[in-house]
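What follows is a group of structures, each given as structure tokens.
Both complexes shown next keep subunit A, but they swap its partner, so subunit B is in the first and subunit C is in the second.
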Partner chain A sequence: MDNKQYDNHLGIIGWLGGGRWGVERYLYILHRVTGLGILLFFLIHIFASSMRMYGPETWAAAMAILKNPIFKLGEFFVFVAFAFHALNGIRLILIELGLAVGKAEEPIYPYKSSLNNQRPLMVIVMVVVAILIIAGGYNTFFGSH
Partner chain B sequence: MEKGTNITVFIRRFDPEKDPAPRQQQYTLHVERGMTVLDGLHMIKQTQDPSVGFRFSCRMGVCGSCGMMINGVPGLSCNTQILDVATTALTLAPLPNFNLIRDLVPDLVPMFGVIKGLQPYIQRNDVEEMENPTMEYFQTPHQLEEYLQFSYCIKCGSCMAACPTMATDKEYLGPAPLTQAYRYNTDSRDDAGDARRDLVAASHGIFNCHYAGECSNVCPKGVDPARAIQLMKKDLVLRYFGLGKHKCAHLCKKPDRSTYKPKIEAAPFTIGQ
Partner chain C sequence: MRETAYWTWFIIAAIVILIFAGLHMVVMHLSMLGVFNPEGGAVTNWGNVAFRSQNQFLAFTYIILLGAALYHGLYGLRTIVFELGPKKSFQDTFTVLLWIVGLVLFAIGTYAAIAAKSLELAL
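The block that comes next holds the complex of A and B.
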């Protein structure tokens, strides 16, 4: 048999791509994207803070750039990413410790799965995330500072 | 409606001899109620294009040969009815995250290899008793329930195709093999949980799963690999910390039937053989 096969692994599109998927799949994508976003913020943060090394003038100049409203929006996005990543992370920890997925059961059509077991937890977590985002957004854009 | 309707079927074609990459081909198919995707493929092969390649065996959802992407969702072509999933167009593609042999035929052999590597069979410390059994093993209905759901897997590969971790990490063990490892780990007759532990928890192993849950959504047998994987993570954590009770089924003497009188006498030629 000849082995000329075509590599059909989906690659990045496989995890980032949309499709007809369930909610948890989208949370998986968001969790990765927000994780990478927070990492990016962290790098920028270290870079910006390191401006201090080059004396007060450079520092003041860097701070002036950060006054730009664009960065306010960026700050808000970092907060959104953080709120989602942290709370969804707690949900994942609970699930991965086998606490929210139920027990093995006889599969009877139409099949139910562990996704149904964890869904109340997922809904609660997402509601809390939404409340945090609204509160954070209010504070960022209308807060007094 | 009774007379059926015409739909357009798009099939991903790939001939390793000619095509550098898969291409799409279009067919028009007359579909009636009750017709499965596999029936449709047979119809196309018989009446329009004998070169369409697909794999099947049992045509009743038991063998796991016929998994494919049906309108973008992995499933068995033999237990999916066309009119349940399509009204005007039906798109068929081979399962991704496997190598492609031809048209709709993915190469499942690497997955079988991984399953085999995770020792999906019962192993006991009392080797002599395992090889030459003298008694039965005792197992309660509750102990049976703990693994029964995961033993329904037919190795169709649908879960592997749906898994986003599988898409980027070719070395990832995958939902089907991990589920099989858990099925044997949690079998009360088995002793090899610690041997499987290090295989499963290695890099590219079980902790690469982050619960996208798609495997459980698409599994045609209701096996729920995502549940098996999370339960096994818990089990592994307990094992690594030496917590949790590790139980192994006891031997159980056969019931003494010497005084037992059956209501209906067995035929004489079956006695004592």
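The block that comes next holds the complex of A and C.
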């Protein structure tokens, strides 16, 4: 892997600006943030669910901790992150495979951005994400558990 | 070439996660599937947990999901860290460290999934 350092290297600061890439760039940032959040949850989940090895008392003690309202809110955030990351990930794979990006055109000035062809897919995916988040929120806070 | 292989496995792991995490969500969150929650009540009640732990198919799906999620998550973390432009020596060390962390967590999770098969049912 090329290890060349560039003068315009922005590091984490570079993630915060979408520039001319628009909303897709912010989705890219959100994809990474949600990915890191899910990874953190997953590492905790491995240890928490492994508690069942030690029998019903240890398991009950671990579950008692997770009944705290803070964890309930955390569970909802994990669901939000998971819904976004999964559906946006499907969108990224489709685009990577050359689907939903329109047909290839000869690059004649004024050039057209393929982002315009990708945008309907992005809008559809984000609407589905929003519906899932509302349904998940209702189930988490008002559903019967 | 190696980076291409890493990335290809990253995408394959994402598809595996979609399938198996989806299945995990259905089993854990759709209370109508009483077949996985014979004790009734919360899915985390001991009787339900012990019952699911004895199911070989579910144990198999846990292990597949564990491996795919660890690989996908840790490779994603590696990509993010590498974008910050660390030196080659750091990149190599970090890659080895992630492999070790991933394999240890996979061993712990797999052991838990297999050892939990002997849990006593409280039904």
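Methods note: the second predicted complex is superposed on the first by the 118 of 145 C-alpha atoms of A that agree within 3 Å, B and C clash if a C-alpha of one lies under 4 Å from a C-alpha of the other, contacts with A are read in each partner's own complex, and residues count from 1 in each chain.
Following the convention adopted for this analysis, a residue touches a chain if its C-beta (ideal position, glycine included) is under 8 Å from a C-beta of that chain, and two chains touch if they have at least 3 such contacts.
It should be emphasised that the depicted structure is a prediction, and the values quoted were computed from it without experimental measurement.
Of the two partner chains placed by superposition, only subunit B is touched by A:Y28; subunit C is not. Look at A:G98: by the touch rule set out above, it reaches subunit B but stays clear of subunit C. Comparing subunit B with subunit C, the partner in contact with more residues of subunit A is B. When the two complexes are overlaid on their common chain A, residue A:A64 makes contact with neither subunit B nor subunit C.
When both complexes are overlaid on chain A, the residue A:G89 reaches subunit C alone and has no touch with subunit B.
Of the two partner chains placed by the overlay, only subunit B lies in contact with A:G19; subunit C stays clear of it. In the superposition on chain A, A:S113 contacts subunit B only, with no contact to subunit C.
Overlaid on A, the two complexes show subunit B and subunit C touching the same residues of subunit A, namely 5, 9, 11-12, 32, 96.
Of all residues in subunit B, only 14, 16-17, 21-22, 71-73, 94-101, 106-107, 145-150, 152, 164-168, 170, 186, 209-214, 216-217, 219, 221-224, 226-228, 230-231, 233-235, 237 touch subunit A in the complex they form.
For subunit C in complex with subunit A, the residues that touch the partner chain are 3, 11, 14-15, 17-18, 21, 29, 31, 42, 44, 46, 49-50, 53, 66, 69-70, 73-74, 76-77, 80, 82, 84-85, 87-88, 91, 105, 108-109, 111-112, 115-116, 119, 122. Remark: subunit A residues 1, 3, 5, 9, 11-12, 32, 35-36, 38-39, 42-43, 46-47, 49-50, 52-53, 55-56, 59-60, 63, 66, 82, 86, 89-90, 93, 96, 139, 144-145 touch subunit C in the complex. Contacts from subunit A toward subunit B in the complex involve residues 2, 4-15, 19-22, 24-25, 27-29, 31-32, 92, 95-99, 101-109, 111, 113-115, 117.
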